[in-house]
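Notes for the one structure printed next.
We just call them A, B, C, D and E in the order they show up, numbering each chain from 1.
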Amino acid sequence: MTLLQISKLDRSFETGKGVTKALEQIDLNVNQGEFITVIGPSGCGKSTLLKIIAGLDTSHEGSVLLDNQKVSGPSIDKGFIFQEPRLFPWLTVEKNIAANLPVKENATQGRVRELINLVRLEGFENAYPKELSGGMAQRVSIARALLRNPKVLLLDEPFGALDAFTRSHMQEVLLDIWQKNRTTMIFVTHDIDEAIYLASRVVIMNPRPGTIREVIPIELNHPRRKTDPAFQEIRQRVLSEFEKVEEFEKTAAVR
Amino acid sequence: MSNQTGVLTRTTVERKQSIKESATKKQSKNPFQSHLARGLALPVFIIIVWELAGAYGLISATLLPRPSEILIAFKELIRTGELFTHFKISLFRALTGFLIGGGLGLLAGLAVGFSSKTEQSLDPTFQMLRTIPSLAVIPLFILWFGFGELSKILLISKSAFFPLYVNAFLGIRGVDSKLFDVAKVLEFSKWKQITKLILPAALPNILLGLRLSLGAAWLALVAAELMGSSEGIGYLIMDARQFSQTSVVFVGIIIFAVFGKASDSLVRYFEKRLLKWRDSYIG
Amino acid sequence: EQNGDVTVNIGVQGSTGVLPYAREKKYFEKAFEKEGVKVKWSEFASGPPHFEALASGRLDFGATGGTPLIAGQSGNVDFKAIAVTTNGKKGNSIIIPKGSKIKELKDLKGKKIAVAKGSSAYNFLYMALDQAGLTDKDIKIVQLQPDEARPALDNGSIDAWSTWEPYATTAIFQTGAKSLADGEDLNINAPSFLVARTQFTKDHPDLTVLFLKTYEKARQEFINHPDKVANEIAKHEKLEPEIVRTVLERADLILSPTTKEFAKAHQHQADFLYKVGGINKKLDTSKVIENRFVEKALEKE
Amino acid sequence: MSNQTGVLTRTTVERKQSIKESATKKQSKNPFQSHLARGLALPVFIIIVWELAGAYGLISATLLPRPSEILIAFKELIRTGELFTHFKISLFRALTGFLIGGGLGLLAGLAVGFSSKTEQSLDPTFQMLRTIPSLAVIPLFILWFGFGELSKILLISKSAFFPLYVNAFLGIRGVDSKLFDVAKVLEFSKWKQITKLILPAALPNILLGLRLSLGAAWLALVAAELMGSSEGIGYLIMDARQFSQTSVVFVGIIIFAVFGKASDSLVRYFEKRLLKWRDSYIG
Amino acid sequence: MTLLQISKLDRSFETGKGVTKALEQIDLNVNQGEFITVIGPSGCGKSTLLKIIAGLDTSHEGSVLLDNQKVSGPSIDKGFIFQEPRLFPWLTVEKNIAANLPVKENATQGRVRELINLVRLEGFENAYPKELSGGMAQRVSIARALLRNPKVLLLDEPFGALDAFTRSHMQEVLLDIWQKNRTTMIFVTHDIDEAIYLASRVVIMNPRPGTIREVIPIELNHPRRKTDPAFQEIRQRVLSEFEKVEEFEKTAAVR
């Protein structure tokens, strides 16, 4: 069942110095329960795409349909993990996670505690964001998005600031949630291994203007192993595709 | 006077001690006292120079009485209980006016800050009203509200309205739009947006507005008490001016200064507590 | 009676006059209580605000100098002058600082003189100049309120000050300033009045008479026991009794209908004010004069 | 009057047009005009009600003359050239006072904001002075500075000092300490710290202070022109009050309102340009 | 020649809810021209350590000597790339890079242009930070630190937000600078391959409180190849050490 339909999506930014074309002619259909990962060079429009899907950016051309409805604003079904943690500096970790739910309620409280354990922040419930390290803040923002069990989860480089082990722990957590809840995931990352490890399909983007270069389906069973030859083969394919992006970027007209 | 210099010496000594301590223990144990000493240094210095200048006849006593004379007038006014009566009524007026004006200002500032449509409809009118001087509208206030308490309190409210209005308005417009995006994604209701996002984010500015509004309320007191009044510190000052009872005028001025400072300190105390989450420059 | 919920609003200014004293002594409260009428006092810094209050219907009686009265009439405020409280001859003076070289009015030529525009002392200054054969072009007028003129006089930034009581006496006592001339010297009448809101006098003629009677009773205290009254006021206001006594002596308190002589003096003031541009129309001041209440109040005495 | 309603109808029509346009072209071509229409709606409505109420004798003409009467007084004052003379001198006073007071306020705010030691020594004194009412200190100003322009300008400066002081002070204290760390690592000199970090970061607050200071300067004009003056809009108002010439009082009030609003709009225009780098909520 | 001497370094944070021990008994000597990489789980005190070395955090116990001088504040010799970009939002890309140098001067201008090319941001010279993507902002902050040719460069996860290719490009750029200028590098990363690829020594940290677990010297010649068996061997060693950290963390008392 197609959950998300993007067609002929264009987005450009007017700035003082001219127009930056961020996205051009993006077409993408995502099925309910798919795990899409998006990779592409820095500045190719990944975050912009996610923001449009989330309904945070509506100044685009083309159509974005969720459940056959035009996306006109954020909604309860869509969780978003931003590229930066974006915590409320005046709320403690606990309250940042609970966000607009009453922390005092038992149900919320239990769920918040559970999530704090999941992202390994026990003992920091009452810390303010300024007292957290970069990775800790990022984990708080992950917990905040997970709390609401969204139908679609949009993740913008969520594990960028995590060390290797915390990262693979979080990957497992995410796969677990995906399998249990059939959450549709759209996941931006710079780590090609991670992209292949998690995805049902990997979307590779071209920069300036951002277009979709290639969509590679990953038909490996979970749990996947990075040393698996099939995995390595796909890895090679993604890498070589990505190298072409690199070359494309070098030859592309500068803005 | 001897009193004040006494304070100075004592706190200076303590300050030296605390500096010594901090040199060894790396953290001053008594920062509060050294703050106090620094804060008092300038006023005490001025008072001493003033007293001496007065004592040596360098300044006219009718126009600028010496601090010691002011102190005597002060004591006298306290003894007769007059000062307290005046002060009580002024405090009531200033606070009520501040609560009404400041409260409305905050609400209006929030409303206007929230929506640029509301801004376009209301803000120009408010900005025009802002620069209309109290002294000029007194007749209208008398016409509409008489010269009872209502009129005075409304005049004070008028002054207290604008600083909070402008600050709340700009506080909201200063909220990082990235955090607004978060609030949208988390589907905050309007109410939650106000209480969980806007108020905390705009809090530094709102508290600043609070301080300015409180100050404006005190300042408006004099104009308000010019209007058919026979009580209050403002009246006390203007009445004393009629007979050139300059010491009494100064008693009034000092009361204004002290209570202005006191209410300001109170707000800043709350500021410290409410803004402990901030990670900003501390000077 | 039928006066159940009537309140009389009385305005006062200063602290040495009959009305402030009566307020302290609660004469009016006692008198009006019998009629079931409440009394409410409002204090004003000067004459003109009385007329703002009268115009808004928030004030029923007050006592002011002649000039504010003219200003009020020119502003179409609906009021009546119901009695004269002083001829005001000693009410205004021109003060010069201690050690001043000015000996007579003519010496004022080229000098800086402070005066509050719209006060009775403003008229007085112009008339005094007139008598000395000077005009406002020969001097430099500085527009200052009394409490601002005092420091200016003290620090020598003005050469003379045209003012009224109690400022004149206070300045003389406190700084050794001298009076150059007063209304008596120049024979200038400057009557002050009791004023009432016209509508109130129509609705409550009896209360208007009662107001005047009570005023008269208080005034009698001033006449019969001047020292006692002066001491009481001085004590209450924390002033030097000397100052108060002098101020009261110079006040020449009376209660009288607006006689032809007073009416003429008042009209003269109005014409004069028009001539010098203080007001922008010619007034018939007799229109605001209403003598019947005071006549009635005094006749039973 | 007919003039005003004329404006209303015209801009409303244009607004409708622009809405239509924006519906088709997705971006309004004439947002400025629709802003203007929204901003004028309320004042114009008030003026109409007021005129009608006056015409039907519902409000006392002595205290609240009808807009048309005010307009006549306005024309008369313009015709005789009086208004312009008064306005010129008031403008000069307000601006000079604002420049002096605001400038010093900004400097003091920067100094105090920069160092908590300076804060402890100076801020308490400033906070005390802040709530001393102008009307109460007028005799002192006359004593010290005479009643000429100096005295008036200083009185205005006093009022203009504090909003800029407080806002600059708090602006600095609101600068993200993370950016301060960057400045330290890049070894900014004190001067660069001020010009490249503090001023831009505190700019929203400083501009707010500017607006409040400008407003305060206009408001202080009346008190200042009470003092030994025979020119200026403040004088015009107070003089007219003495003679119950209420239309003239209103002319003065309107001038205050319009110029207050105008100077405010000017600052906000610069605000828009200077803060284009901001990524904050826009209502 | 020893450039940096850290001994008995302790740092704890007092917060409303108690004391967090961030660093405990850190001893580390770094020679002039060394390339040190630091890895460790999120929240183990890496950023805190860097800030102390930079002289931004002086509320610690123990001694930190640079050139035998106590570090008491930032100095011209030390460049710092923060974990977040920390750009001045009111300055354009170009001016952010030039920071406190006059952009108009020819020498600066040339150097700025050079660096913009190096971090591949041609065409964005006049963009404001809010108009940049996450990775672009990070590259601006790298360029800003490189402009000043510092003697010691402190880098806190500088390439965290970059895609694989931009990342390896930046690694080469960094190695190049290191070799040409003999800049001493202290480089925090979460990418173990990157740590080994760049370092002369890899420092592995334990969390809560942050201590140094192990310092592994990497004696491979540049250019290194990740597929090299010697590389792989070291990689195994680092990984297994890191796994122990992971275990240590799980058993450690919570805060």
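Observations on the model:
In this text, a residue touches a chain if its C-beta (ideal position, glycine included) is under 8 Å from a C-beta of that chain, and two chains touch if they have at least 3 such contacts.
The shown structure was predicted, so the numbers you read here are calculated from the model rather than taken from an experiment.
When the partners of chain A are compared with those of chain C, the chains appearing in both lists are B. Averaging C-alpha coordinates per chain and comparing to chain E, the farthest chain turns out to be C. Overlaying chain A onto chain E using CA atoms gives a rotation of 180 degrees, to the nearest 5. Distance between chain A and chain B, defined via averaged C-alpha coordinates, is recorded as 50 Å. Between chain B and chain D the centroid-to-centroid distance comes to 20 Å (mean Cα coordinates, whole Å). Between the CA-based centres of chain C and chain D the separation comes to 39 Å, rounded to the whole angstrom. The set of chain D residues touching two or more other chains comprises 60, 63, 139-140, 143, 178, 226, 241, 246, 276, 278-279. Contacts with at least two other chains are made by residues 52, 55-56, 147, 150-151, 154-155 of chain C.
Across the assembly, chain E contributes 16, 84, 128 as residues in contact with two or more other chains.
Looking at which chains touch one another, you get A-B, A-E, B-C, B-D, C-D, D-E. Partner chain B is touched in their complex by these residues of chain C: 11, 14-15, 41-45, 49, 52-53, 55-56, 58, 146-147, 150-151, 154-155, 166-167, 170-171, 174-175, 237-239, 243.
On the chain C side of its complex with chain D, the touching residues are 48, 51-52, 55-57, 68, 71-72, 74-78, 114, 117-118, 141-145, 147-148, 150-152, 154-155, 157, 278-280. By the touch criterion stated above, chain B contacts chain A in their complex at residues 178-179, 181-182, 184-189, 192, 196-197, 200-201, 203, 276-279.
Across the interface of their complex, chain B is touched by residues 51, 54-56, 73-76, 78-80, 82, 84, 86, 88-91, 99-100, 128-130, 144, 148 of chain A.
Within the complex formed with chain B, the chain D residues making contact are 34-35, 38-43, 60, 63-64, 113-117, 119-125, 127-137, 139-140, 143, 162-163, 166-167, 170, 172-178, 180, 204-205, 208, 211-212, 215, 218-219, 221-223, 226, 234, 237-238, 241, 246, 249, 252-253, 256-261, 264-265, 278-283.
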